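The structures come next, written out as structure tokens.
Okay, so chain A shows up in both of these, paired with chain B first and chain C after.
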Partner chain A sequence: MDKPPISPALKCLAAIAFLFLLAPVLIVVPLSFSGDVFMSFPPKSWSGRWYAAILQNPKMLEAFLFSVKLAAGVTVVNLAIAVPASYALVRLAPRGAEAMTSLFTAPLLLPTIVLGLAMLIIFARIGLLATVPGLFVAHLVVTLPYVLRVISTALSTLPIAVEEAAATLGAAPATVFRRVTLPMMLPGLVAAGALSFLVSFDEVVLSLFMSGPRLSTLPVEMYHHVESRADPLVAAISVLLVVFTLAIVIVVDRSLGLAKTFVK
Partner chain B sequence: MSATATVAATAGSAADRPAGGGLVVALLLPIALVNLVGFLLPVFNLALISLQEVQASGAMTGGWSTAKWVSVVTDDFYWELLWNTIRTSLGITLATLLVSYPIALYLHRSSGLWRSVLLVMVISPLLLSAVVRTYGWIAILSDQGVVNSVLKAFGAAEPWRLMFNLTGVTIGLTEILMPYMILALVAGFGRLDPRAEEAAATLGASPFRVFRRIVLPLSVPGIALGSLLTFVLAVSSFITPKLLGGGRVFLLATEVYDQAIVTLDWPLAATLSMIVLVVFGIAIAVYGRLVRSIG
Partner chain C sequence: MMHQAPTAMTIAEAGPVRGQGFLSLQALTRRYHDFVAVDAVDLDVAKGEFVSLLGPSGCGKTTTLRMIAGLVPASDGRIVVAGRDITAMPTYRRDMGLVFQSYALFPHMTVAGNVAFGLEMRGLPKAEIRTRVAEAIAMVRLDGREDRKPGQLSGGQQQRVALARALVIRPSILLLDEPLSNLDAKLREEMRNEIRDIQRRLGTTAIFVTHDQDEALTMSDRVVVMNHGHIEQIGTPEDLYERPASPFVAAFVGRTNRLEGVQQGATVTVSGLAIEAPIPKSGPVEVLVRPHRVHVAPHGAPPPAGRNRVDGTIRRATYAGNVVQYEIDAGSVTLTAEAATAGIGGLIPVGTAVTAAWAVEDTLVFGRPS
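== the complex of A and B ==
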């Protein structure tokens, strides 16, 4: 493919813009090895004390474990709900499929602050505030649209001929789905699962509305920590999170191509 | 629940249709339930709450009243809040566009593995919590941060106030919203025919002229979409304004949060969040008109 050459001026501007984009992520790496009590840059001394501090912070550890469990549970339920739904919307294509897809992905269009407030008010009334089911439903609502979209896209790009061939050769619809459709859409499932896990794991706005002093997620604990104290603890946690996120992104990229999930 | 019952009833009558209506309903029922319980009911309820009558004690009486709306509309504080929010969000949108455009154009012109690597670099921040990225900005902008220690090394006596004000919030949100803008711009560039640029260059146009007369006009749809996305996200974000603003920056979204969590005035929070939605609606309408006028 012929592309116009890139001028030095554009290279320069793009490099500066990239530096700006990555600056906050890049800065936490050296900061996490600070030996200072307070956050300052450059640090006056270096140490691994803030990584050790994470292990001595039961609140953060508890919140991390809860976030992982919540994200994993949400992901499993998401897939269990979205796979049948996508199959119905894409393959069985009932009347109004498009309108239904819009409705099911609508929670993404609503600002999370509005959605969070809406859930806070109704969940408080039925006693679900600061409970596991409350947080679970909240995370389900904001991650399901992503999962539905990724799986529907994966399903609609599959060549239907293979499924038709299997059906013609006498396989029952359930067998076709289990033996042909499902294996072929596996990359889509991996991408959807990873996306669901990461979105749930990073979710902070709804979690802030839905959590309480006894039950909160890692991003919420980090938010409260940053709000009240300026020390390098969150830098150390952030570095671990960046590594964690990167690992998931690389796994997904290997199995599917991350760029394809976002840009057609 | 009556909605589900109706759906189930229609399903029963449609079950004998050849397309397998019963199966469709069974497959869609779980997602419909999540949507109903977690989205439709709460949002509908929210709209009602803003019209609920509240006693001086804060207790809801169960009656109806437009008192919250009247008090918000007649209070100068909220008008200033709205104006502040819109002005700041527009500024953030413009700044985001300016820093994102070179990256998007660069991505459009590059290819192969390098392009994929850069795209992952653009997308990855999206998968990282806003708390982490805001924290990074605190490390850069605070009095003991990167910028101020550089300034100090050059002999500045006073630290530059880059945090706990609108400057910090604007810088932080600009960076946090960049990936959305870049992706919208890259998608927009997809429709740009490289042959048009080539033709212009062959006919003797300077690179800058090619950019101004061909690339820029053809990327307007991408700019419009990216700006809409950035603007509505800026209006509704509150994590970054809260942390970088340090309680000294008042925007619509931070006020919704404060009223809901700190003051516990839910009808007021609901009213303000409805105003957020009105701003959203206006932004989308402006976008729609713009897109139509481009053709």
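== the complex of A and C ==
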């Protein structure tokens, strides 16, 4: 397809916007290779010592592993809830489906701090504070809206005629769903899964409320580290996190095509 | 227009006895709240017959087809196939093949996978599936493309896969929902013949939904003209064209001149002109005449055949290669006539005084509310 030419002014503007968005991330990279004891920019000396320091920090490693497990678990449960929920909302379209969708996606609009405070009060009373189930539920609440939104959109853009065709060919509803609907939704499922994983992995506010001395996610652990010390360790971790996130996005992109997955 | 060779006249002439068809719709109705989309439709289709549902959009033809397929539940009435009431049967047990306007192929399966789907649902042995899929793909001339995905095929090829997929299950009835509408004109004509040939060869009963009168006339044994949720007329293409049951059918199937007048006995008076009607009656009427049945000759030339005559002047001549259309100004009325062209210099120039004439049998007269 021929695209209209982009004017130099627009290119320039785009470059500035990208720089604005990426500058903080880019500054972290040189910081992480600092040889100094304190974070300062630009670093006075260079080394890889802070990367090595990560491996010597069991607290960080443990928090990282826990964050990965938590995000993975949250993602699995999210998909298990959102796929049937979306099917009910979109395909069966009961009375009030739109109102329900709005309700389910409301946590997206609420300030997370308000949500965190509410959960803190409730969870403290029922003894879920600083427990794995408590953290799990908290993450589920903030990630489910994304997952539901993406999967509902994926489902509602599927041409229903294809499912009808399967039914005329003799497929019972469950078979239609398994053999036709689900495979056609796959890009949406992968996108929703990736989104759920990344949002959970990155979640700070709720995790701060819900974590405790012996239960901490990686972002919380990093936050505490920055509070008490000013060494460039977190910069090194940040770079690894950027690489980790990019890796997920690239895997998704390679397997399905980024545009197809995220832009619907 | 076209002259149909009288094909399959035996079944086409009468159609099955009411309520006795292989497919029988009995007072089939679909309501959406206050809106009646399909209003007590009765239709009987014989085994092996090709019947079109023809009408403007919103006439209920697609809803009728979808009720036959079980995709839309009937509000009232019955659907009977081979003597069995299937009104409440779910779609997946109905054993019907449906070809959609949008093709509706499974995008994640290959051509062979698409065609095999219905056979897999029937739990047939792998070897049999393989042979039947190969046969079906050969039938629509797509051999060698078995492993392509639908996205890699042209529109016409996709529709042929859809046809193979619907036919490979040997459906009791083949349903076609405007299957040619997304194809370009040339391909449409080719697919028309292909669908008709295959349907005849397999002897499959087919219901074809279309808004295109050409498609309906050229493909069908019988055509059902629908309007506002009810049937205007059921008949062979020739019936509809030559003996339309209503002005709606006359206007929808082919073009027509329309004059309003008052009939007394055998004579209709249209703004001072006397036109002879084939059947005597009295009251306000509309008179319809097909343009190509109106013969035009220069005034003074030997009068053209036919007993109804109107004198006038050619106001416009539209040359379309095979035919030429004359707009004749006859004072109080305007008539359109269409004549086949015959070599260079055969056109009647604009402004020529002419006599337009047509046979009394070609005069269609319908009563109209005064």
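Quick note on the criterion: the second predicted complex is superposed on the first by the 236 of 264 C-alpha atoms of A that agree within 3 Å, B and C clash if a C-alpha of one lies under 4 Å from a C-alpha of the other, contacts with A are read in each partner's own complex, and residues count from 1 in each chain.
Throughout what follows, contacts are C-beta pairs under 8 Å (C-beta built on N, C-alpha and C of every residue); 3 or more make two chains touch, one makes a residue touch a chain.
Bear in mind the structure is a predicted one, so any value in this text is a computation, not a measurement.
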Chain B versus chain C as contact partner of A:Ala166, first or second or both or neither: second
More chain A residues in contact [chain B versus chain C]: B
Touching partner for A:Pro183 - first (chain B), second (chain C), both, neither: second
Chain C to chain A touching residues, read off their complex: 69-71, 90-98, 100, 102, 104-108, 117-118, 121-122, 162, 165-166, 169, 175
Parts of chain B lying in touch with chain A, wherever the complex brings them together: 19-21, 23-24, 26-28, 30-32, 34-35, 37-39, 41-43, 45-46, 49, 99-100, 102-103, 105-106, 108-111, 116, 118-125, 127-140, 142, 144-146, 149, 172, 175, 178-179, 183, 186-187, 194, 197-198, 201, 207, 210, 232, 235-239, 242-243, 253, 256-257, 260-261, 266, 269-270, 273, 276-277, 280
Sites on chain A touched by chain B in the complex: 1-7, 10-11, 13-14, 16-18, 20-28, 31, 38-42, 80-82, 84-85, 87-89, 92, 94, 100, 103-104, 106-107, 110-115, 117-123, 137-138, 140-141, 144, 148, 198, 202, 204-205, 208-209, 219, 222-223, 226-227, 230, 234-235, 238, 241-242, 245-246, 248-249, 253, 257-259, 262-264
Residues on chain A engaged by chain C in the complex (per definition of touch): 159, 161-162, 164-173, 175-176, 179-180, 183-184, 186
